[in-house]
Every structure is written in C-alpha cells, then in structure tokens.
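There are two complexes below, and they share chain A, which is joined by chain B in the first and by chain C in the second.
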Partner chain A sequence: MRARARIARKVPGAIPVFALGLVVIAALGGDWLAPYDPGAQDLANTAMPPSGAHWLGTDDLGRDVLSRLVSGARIALLGPAVVAIGVAVLATVIGLLAGYRGGWVDSAIMRGVDLVYAVPPLLVAIVVVGVFGGGYPLAIGVLIALSVPADVRMVRSAVLAQRNLAYVESARTVGVGRGRILFTHLLPNVLPTVVANLLLTFVSALVGLAALAFLGLGVGTGAPDWGRMLAENKGMLDLNPAAMAAPAVLITVVAASVTLIGDRVYDRMAARGRDVGRA
Partner chain B sequence: MYILAFLGKRLFAAAVTLLVTSFVVFSLLAASPGSPEQTLLGSRPPTPELIAAIRARYHLDDPFLSRFWQWLGDVVQMDFGRSVRSGQPVTDMLSERLDVTLALGVYAFLLVLVIAVPAGLSAGIRRGSVLDRGVTLTALVGVSAPPFAVGLLLLTVFGVGLGWFPVFGAGEGFAGRVEHLTLPAVTMAVAGVAIVARQTRAAALDVATKDFVTFAEARGLPRSVVLGRYALRNSALPVITSAGLVLAMSLTGAVLVESTFALPGLGSLLVESVSTKDIPVVQGLALLTAALMIGVNLVVDLCYLGLDPRVRHSGGA
Partner chain C sequence: MLDVRELTVHDGRSRPLVRGVSFSVGPGETVGLVGESGSGKSLTARALVSLLPPGLRAGGSALLAGKELVGAKGLRGVRGHAVSLLMQDPFTMLNPLTTIGTHILESLPGRGSRAEVLRRLAEVGITDPAVAARFPFQLSGGMRQRVALAAALAKDPGLLIADEPTTALDVTTQAEVLALLRRLQVERQMGLVLITHDLRVARSACDRVLVMYAGALVESAPSGELDKPAHPYTSGLLRSVPSATHRQPVLLGIPGSVPAAADVADRCPFADRCTWVEDACTDHAPPLVDLGDRSTACRRHDEIDLGHVGDDDVDPTVRVAVGDTLLDVVDVVKTYRSTGFRPTSFTALEGVSLHVTEGESLAVVGESGSGKTTLARTVLGLTDATEGRITLGGVDVTSYRRLRKAQRAQARRLVQCVFQDPYSSLNPAHTIGYALTEALRQRTATDLATEVDELLDLVGLPTSYAKRLPAALSGGQRQRVAIARALAVRPRLLVCDEPVAALDVSVQAQVLEVLRKANRELGIALLFITHDLAVARQVTDRVVVMHRGRIVEHGPTAEVLDAPTHPYTARLVASIPGTAPRTGGETHVAQ
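What follows is the complex of A and B.
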C-alpha cells in the first residue's frame, strides 16, 4: 500500500523525464527511426489529415509530418544545448573572476552586465539575424552573448557569498594560488547554481531559436526544423491542423519538461547545500 | 534630500543607458551589409542625383561621430528619417501601427493582473494545497511555453475548431477589436501570468509567516482586510520588480503574437522591416523599445519609493 502511494507520488515527476527521453531517442535515431524520408515529396498526397500510413498527416508538399518531426529533433536539441553550455562556461569564468577579484575588474564587468542585462535577447536576435542575414550560427552567437550577463550576476553573487567563508580563507592563508582557489575550491560550490541555470538557458534558447525559425530567420528553407514547420504549415490549418499543432505541442512539451526537471534539480541542490552548511 | 539624490542617480543612469543604446542603434546602418547608400536606396534606381540626395540627407560625407550627433538631434525631435520601403516618414508608420500593439498590450496586462495576482496570493496563503500545487505547476509550464506555439494551438482549437473567435485581422470598432484581440491577448498574457503568479506566491508565502499577519488574524479581522491591506501591500515590491521582466517578455511576445495572428502592429512591422532591411524603421522601433524599457524601469524604481517607506528613508541604496 505504502509502496504504491510512493509510486503514485513519483509518477507526475517521471512524466517530464519520460517525455524528454522520447525526444532524445528521436534525436539519436534521427532519420533511421523516421518512417519516411523527411525530405521526400509526394505531390499526389499533399496536406492529408492523419491516417494509418501518415500518423500526423502530410504537409503542403506531401512530406510526412511525423518523419520531419523525428528528423528535426537532433537540431532542436543540439542548438539550445550549444547555447546553454556556452553560456554556462562563459558566465562561470567571468562571474568567478568578477566575484573573487573584486575592485576595478568587478566594476568593469558589472557595468557591462548591467547595460545588457535588461535587453530582451530574442528581440535583439531578431534584428541582428534579420539585418545581417547570418543564419543559424549567428543566431546562436547572439543568444549566447545576450544570455551571459544574467548568469554572470548569479555566479558572482554565489561567489560573493562564499569568498569570505573559512575554507577559502584558510586555503588563501596556506598559500594556495588564485587559479586553484577559484577552480578547485570555489567552483564546486558555485556549480549547483550554474547547473540549475543551464537548464533554464536551454529552455529559453529552444524557444528563441524556434521563434527565429518561425519568423523565417536563422534556419534555411527545407530543413525539417520545428519552428520552421510551424510557419510553413500555418497556411493549411483547416486541411491538416495536426501538421502545425504537432510541432507546437512538441516545442511546448520539451520546454516545459526541461523547466520542470531544472526546477527539481535546483530544489535538490539547494536542499543539499543546506545540509552541507549544517554539517 | 535622499529622494532627490536617488532620483538624480536613477535619471542619470537612465540617460547614459539611452545614449549608449542610441549609439548602438545608429551603428546598425553602418554595420549592415552593403554600403549605407545602397541600404538606403532599397529597390529604387541608383541615379547620381538620388545618391547625392541621400548622401546629403544622411550626412554621409561627414565623419561617423558627427553623423551620430546630427542623427541624434533629429531623433530627439522625433524624426527617424523615411522608410526605405515605402518612402513614408518612419514616425508616421510607427504611429499608424501603435494602436493595435497598445490595445493588445493593455488587454494582456489587464488579464495578467486579474488572473495572476489573486491566483498567486491564494496559492501562497494556502501553501501545499491542491490549489497551490496547481498554480505552481501551471506557472512553471506557462513560463516556458513559447508564445507562438500557444497562439497557434489556441488558433487551432478556438479559431478553426470551435469557430468562437476570428482567425486573423485586428477588427473594427471597440467590440470588434475586443473580439479580434482576445486570442492574441490571452496568448501574450500566458507568460506574464506565469511570472507574476510565481512572484506573488513567493511574496505571499513570505508575508504569511510575518507576525503582523498572525496578529491581524488574532484580532479577528476579516480575511479580505488581512489579504488586501496587509498581505497585498507588503508583497507588492517583488511583484512590481517583475513588472520590468514582464514588459521585456511582452515586447518580445508582441513580435511573435502579432506575426502569429497577422495583426498590423509594431511587432509585425519590426519583422517586415528586418526582413526587407528597412534600416530607418528598424532604428526607430529599436529606439522606441529601448526608451520604453528604460522608462518602465524608472517607474518601477519610483513605485518603490511610493510603496515602501523604508526605501524612502534609506535613500534607496
């Protein structure tokens, strides 16, 4: 009885992990898992509603919607992952430096951060990618550059909370070098903040890149990108609504799952931090 | 005295930010691919007279910095030049498109206030209840749901499936407007509701444990007074802080929502101008956005002063 109650409590928690797992499998399997060639056109069967042969129907060029979704999973996960990792690495290094060095290094970094902090990254990405026509790499670069400041702030304040604690003080007294204090002593204690934020950055990058593709910026035409599919299939809303609803649901589900997992990771790490502090 | 110093400091910071932003926005023309004349010519035939006229109008023979000052002088007088695409003054184009975006923004903002604040407050007061868990989970999903996906799903269900709301256009007259803007406004409000509800809940959780609330309840004051006068006012600060965040999200949201629902607002104007490389219009929109953001953040600071006597007396450090 009690075991079942415990499982029942765990089931809602498992849903996001399960959903994300499916998408990861699709990303790994890619075209090999897709029932059809994602680029193959079938002009005799365009904009067909879902059927036994095409579970999610076909788009206006007769391409299989499910195959395109499966094949698009890799880029849908890879792009945001690059942004999230890039932001985490840059923000950790800069934040550690600002928090630990203090002085003019800190104020120079923080002035820059303050200036960019309030800027909505996606809005700037729309303007920059649109005007320069730089495509996907530029979109990723802009999103990284504009998401770093918020994380720098967070890492810096975590460092500020740690830098005067006894363990840092004693390491300094014993004569441990600055680099070593930063990366072997401070970094492990700041890492929970960074990891929790990594997932949040992933979500905003996923949404951002999909939004750019939806507006026709970033990804090239023809690529099976989820955001792109939304824009392309919007026109046949009355013929095959699934062609547009499916990528919309998929983007939302992935974003929500990662957010939920990130939230849980953050809670667990915060709780562990409290235990360590108490010990 | 404190208040004046505080105000002065914030105004100065706002002015500096605005200046830096306008410099970046100005540089957009020089930085965009192709020469400035080419960009400003657009699709018009490149006759020598026209090129000379453009060079004179945009002071292209002057050094970069002096061009910037001249441009800034025009901008202060609300003159952003003419659209490359239509030849219309940018200011006219902006004001034409403004009302749809403004109506959408106000509508969405009202929805956020009406839904998020009560939901967050009651969730925070009854911590751990079914209601609380529901609000928390919904807010978590709402924060991450992309506006265009939400919009398209609403469109599929309520526009095409049930046929309750019109599928595109901005509508005529007040009733038509409300009818046409309901789905877009709901779409835009989702993220805002999620943020504000989370903030309000956290603030209410914090306030609910305070002695003065326990005391108010012990005195037998009605729940509405305890909630409305004590809890709401004391949880207002963090909620107002998130207003800046909500605005930033709604600006991005406006671009996506207007494109999704084909509304003729400022957001869709930005997308059109960006993809046709209509730099003067992009510059006008970018500056307008920056000024709005900076202005709202300034107002948020002022609200602190008005709402919390402690900030007033400590000088807002």
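What follows is the complex of A and C.
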C-alpha cells in the first residue's frame, strides 16, 4: 500500500482521472460514438492494419476494432462495478456484524471466510462458469462470492480497532442501540477502508472478467468485449497487431487509473476528521 | 557549563516553534523546563542534542563547555559523552530483543566488562545481578526507566537532559526515580535539565525553574521563590494546580487554551488569556527582563500585584452525605481468563464493596493495575463481574445482558461516564451537535436545539460549537463536550475515569470546575477515579484507596489524606511531589 502511494504521488493527479474519463464517455456514448457498427462484418477488408478509415484497423471478420473497443467500454466498466459494489455492501454488513458482535457469530463468520479464502478464486470461477454453461450473471455472482471474504476480514479488523474506543462505549452507556452504533458510529469510521477496497475489488474484477472472457467464458460469442477481443485477435498478431494490443492497453490503463484514484480517495477520506497534531 | 543563547526552532515553512530561548546550566545544577503541551519545551531539549524531528531547523547558539551544539556536524563525540538525553516512555525506549546487560554494554565507552555493567546497574539502584540477563518486557516501568538512565549515563556525560522522565510512571515510582536522579546528579556534579509539565515536580526537584509558554520563555525563577510569581501565566498555572493538603473554594483555571507558537510570534504570547492585558502587550514580543536572581517576560511586572500563591482561601465545608444509597457494590470479583493452550487467569478485583449515596462524590484512588478502571467498567455494564452484586437505584445491574430491555434502559439513564482520552471519546465523523442530540434523544427530550445550546452553555462552551467536528476542538474542549453528552441523559451518577489525566494543568482546572458544578448544583453523584490525590481532594468528599484489586482504606477525603492509616496510603501521600520546594527523603541533599 505504501509503495503504491509513493508512486501515486509522483503521477500528476489529472492523468488517471483523464484516462478513466475517456473510457466513461465511451461507455455512456457507446454505439452512438463508435464510427462503425461494432458488429458489422466487411469480409472484403479483413485483418487490415490501422488506416485513415479504420484508425485501429479491422479484425479477421472485417469489423472495425475502434468501434468494438468503444462499444465494449460499457460492459467493461459495468461488470466490475456490479462486482465491486456487491462485494462492498455484503462485506461491510458481514464485517460489521462479526467485528461488533464477537463471540460465536464472529467465529462462525470467520471460519466460513477462511474456507472460501483457501480456494484459488480464478480457478474456481473457470470451473463453475465452465460447468454451468458460462452465463455472464453467473460469472459476476461467482466473482462476488469469492471476493467477499478478503473484504470481510478488512472491515472486521477496522471495526475491532474502533469498537473499544471511548466514543463507542460512551454511546453504549448513553443507551444507543446496537444497530445505530453499527451504522451511524462505526460505519462512517470504517468507510475509508471500504471505499478504498471497493476500487481495488473493481480492478481485480475487471482483470478477472477479462480473463474469463479470454477463455471464452462469461460474455456471449460475438459481443464486443475487451477480454474476448484479446482471444479472438491473437491469431492475427502479425497482420494487425493493434487489434490485440489496443484492448490489452485499455484493460491495463483502466486498472492502473482506478488503483491510483483509489489511493487518493483513501488518503482524502482518512485525513478528514482526523487531528493534524496527533498521530 | 551549558550556555544557551537565543535558541530558535523553525518548521519547514519557517514558522517559529521556539523563539529566542536563553538560559544556562552550571555543574551540579538542576534546571526545570516547565510548560504545557505546545510550549516548545521538548523541542528546545531536542535541539540541544540535534535530535529534532525531520523538517525542523534550529538556530541561535548553545555552547556546552565551549563547544557549539546547534548546527554542528559530527556530534558523535558529544552526544552521550558530553550531553545525554533520557526520554519519556520507558516502555518503547529499550529494544525488546536485547537484554538489559547488552543495553548498558553497548553504551559504555570502549570495551566494557560485565563487572562494569553490574556496577552501573547498582548505581541506579538495581543491585540484583540477574537483571542484566533479563529482557525489557520482564521489568516494570520504573525498572526500565532506571536501566535507561544507566545507559544514558554510561559515557559519564557532564549534562543530562531528562524529557518527562517520570510522566509515564506511577506516583510512588515517580518519587523514587526523581530521588535517584537527584542523588546521581549531586554525586556526579552533573548538570541536569529536567523537562516536565508538572509544576509540582519541577518545584520539588529543581534549583531553578524556567517557565515556557507557546514557544517563548516567560519566567525564570529559583524554585524557592516560585510562589511569588512575576508573570501572570506562572501565577495562573500555580493557581490551577489543586493541592493535596487543602481544598480550594474555586479552582481558578486560565480561560481559553494554549495558542500555536507561530500565531503569537510578534506579541506577548499570553496576552489573549491575561487579566492584565493592555494594548501595548500585543504590539511586539516582550523581552525577558532581568530582576536580579529571576527574570520575567511580562512588561507590566512592576505595575501588577500577582500576590503570594499558597495562602488562598480554604474551603472548610465538610459535606456528609445523607440520603438514599444510589450505587451499592457488594463483594465484586472480576477475573480475566485466557483460554487456549496454557490457560491463565488474572484477578483484577478481589472482593470490592463500596456504596455511593445520592449527590455524593466518591474518589477511587490507586496506581495503575489497582483495578480502579475495571471497577468503573463493571459499574457501567461494559464488562460483567465474575462474582458479587451491583445495585443501582434499586435495580440489580450485576449483568446488563441479563436485564430486560426496559430495566436496562432505566439503568442506562441513571449512570453515565466520562473517559480519560478526550481524543477517542467523540466520534470523529460526527459534529458536536450530533453527539449531544443523539444523547438527548435517549431521554426523549423535546426541544433538541435549545437543549443542545443549554448543555454547551453548562460546560462553558460557545453554542456555535454545535456545528464543529471534534477535530476542530482542543483536548479540554472535547472533554467538556463528553461531560455535556453524559449530562444530557440527566443521570444521577457520573462515573469519571481519570477525566483530567490527559489534559494540561490550566485546562484541567476548567474541567474539574465543570464536574464540581455538576455535583454541587445539579446534585449528580460522582464516582471519580483518579491517580492524583490532589485532584481527589479538590473534587470529592469521600475516598476509597485501592491496591491490587482490594480496597485498603476508605473514609472522608480530608481525613484519609491528612492522616492515612494504611501503610500503602501513607506511601501514596508521601510520594506526592511536594508543594514546598525540595523536600522529602533522598532529594534533600546539601549542595
């Protein structure tokens, strides 16, 4: 975390925001922004290198690579966003409960977490999605289930650090109920951790979903998906290298941008309400 | 021997943190550097040994036996040999993976021998040779501070700077360490700069006391003449300290709080809190005026009469509690058990019985580990007693968890608490108004906004503070908010767990006055937990003394402190740093 924060400080703040902004515009504009229909085949012009008409060339069915990239931006952001938000909500509720209740509730939750933690996530995702027919919702669900444990641990330890502080005990003695203590006292103070984690989960889900799509799982055939484009276009690396390089670069840029932004957001949120003079 | 001239410390943005401090220390002399947090006393000390935090720069001059310390390179031959630093926290100061013997050995000049190590340990009062083979975690705080002292003295420095060496220790240990410092210093004819926030410690242990405030030196006086202060701040500070020998009618604090040094760089730093302030005081920084054997930075020192501190009125009222018993604690035992491979258990309370009458104020005094905080937590229902019974207002509250919901709510309304650490007792995410409103809702109060204003008014804070976040408040202000929150529920018992231990002296007085007002005027009973006997005397009518989980003595506060009967209480009372200069046991050594 600290090494990344040091790098983050050296990259001017605007670059990741600008890069992510472009992708978000593409996601919102979608097919309307794309110069060609992303599904339209032009069998006379297959595997063309970049040109004035096709800035990033065409793939082996003559489809415009740039249009497919722009069109794929929506699903590239939406899928990981659903995973990240789902994980954050589930992990926060479960983590708050485990950390504050303690006792057998905590033990039960944490043993379950350990169990899921012990399995390699991507491998399980490949098997499950592969066996059950590889629907996109299933891929998302599996990724959520496998990412929750790590966040539960994080939220739980943040709660453990807070729960014995005097302000929580004061609230208890004043007579504030358990639910209110959890959601109005503890939640705001573990929120920086949750938000920073949300963005990290987004990154790992982006890469995870791209990997599944690369293996032909998750997204349907023919859909303009960055991971699937990597797989489809790897055969024509010598004819139009841009067709494979462009989605790879995009996935990397989005992942790096979100990570850098996440670090900054965490620093901002963690600094708010803290004392300057006291460590 | 040490001659400091116009020493300054600036931060990275060239804002002054310490401005123009001058003093000198002779061989065999003890100089006390006294000040509240933010006064710059520790920075001054660290500048002398070039151990300033990164980003800070020192200016001016400090000559130690003719050698310049400020800005000097290659201090290896000076640090440790000529000047040594003893730090505050004995718990983090020693390397946990290194034995005591190795600590001393590596500090000794040249190739030290085992015999020399043992001799050095014996010098600081550790005569058991087995200690040399032990690790720091096996020793108590007082023992560690002795080891650190032996290491600091290993190269026989001519000057020792001790930065709050006894603050983290219990009163009885503090007295021992101070006496030890004093003895070594006289034996070695060593100069000693003792940095402390506690005026009583400085007066009893030092020859001369320098008072610092917001980065500036405001007064310098022989410790014997400190009771006739020449600066309004010193006077205010002295009057803010409660006394263990009598109760003052009103404890006069100093209004306001300590400013940042950079904000008062070109004016009298104390002007905003001073009763005698006039326009000229804020025109420029007043210089230190020499008055013979003392000096002051007050430009009106010859016009104002600060009087003689110590002959103030005594509050003679003895209040005997009559009324119903509010809290009744009977034979409470609390045992902590660890489960696992090798189960261990620790008994924090070994059968404690006490009672608090309506409107009474009861002190629970004792050193760390005596079980006083555990007692507070069982009364508050934050932890359950292992055995015994606790009754509160007629309801058996031994286990809050087993109470029915209505009964629990009733008990919660009867008792409230104020904790020690003002920095963690307010939720950093919510405003002051939010915290107070939440507490008021538990009582189903109707006019929330008005009541919030009334509460802030009650504890002496401006009503505009309701919109602020805790981060914008000082420690004393936060503690007053915490008291306001507790009072919002209109409890009949307020449990205070060391409510002023983390506060500066001038602020401590304000908080104690708020608590006394709650007790006297609102009739709320206090269960006041403290290690400070003087604070107990000021605030409470009755006292129980705890030692290792048991109550060893109880009775009216005045009687117990004036004529203790249990040997432990007698030792506690004897360990209070004297209000009279330089008295008590080993410290009284002829020069």
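Going forward, the second predicted complex is superposed on the first by the 256 of 279 C-alpha atoms of A that agree within 3 Å, B and C clash if a C-alpha of one lies under 4 Å from a C-alpha of the other, contacts with A are read in each partner's own complex, and residues count from 1 in each chain.
Criterion: contacts are C-beta pairs under 8 Å (C-beta built on N, C-alpha and C of every residue); 3 or more make two chains touch, one makes a residue touch a chain.
All values derive from a computational prediction rather than experimental measurement.
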item: Contacts of A:Ala166 with chain B and chain C, given as first, second, both or neither; value: second
item: Touched partner set for A:Val174, first chain B, second chain C, both or neither; value: second
item: Chain C versus chain B, contacts on chain A by residue; value: B
item: Chain B residues touching chain A - in the complex, by the definition given at the top; value: 17, 20, 28, 31-33, 140-141, 143-150, 152-153, 155-156, 159-161, 167, 244, 248-249, 251-252, 255-256, 259-260, 270-271, 274-275, 277, 279, 282, 286, 289, 293-294, 297
item: List of chain C residues in touch with chain A within their complex; value: 380-382, 409, 412-413, 415-417, 419-421, 423-430, 438-439, 442, 469-471, 482, 485-486, 488-489
item: Residue ranges of chain A touching chain B (in the complex, touch as defined); value: 115, 118-120, 122-123, 126-127, 130-133, 203, 207, 210-211, 214-217, 230, 234, 237-238, 241, 244-245, 247-249, 251-252, 255-256, 258-260, 263
item: In the complex with chain C, residue positions of chain A that touch it; value: 165-167, 169-176, 184-185, 188-189, 273-276, 278
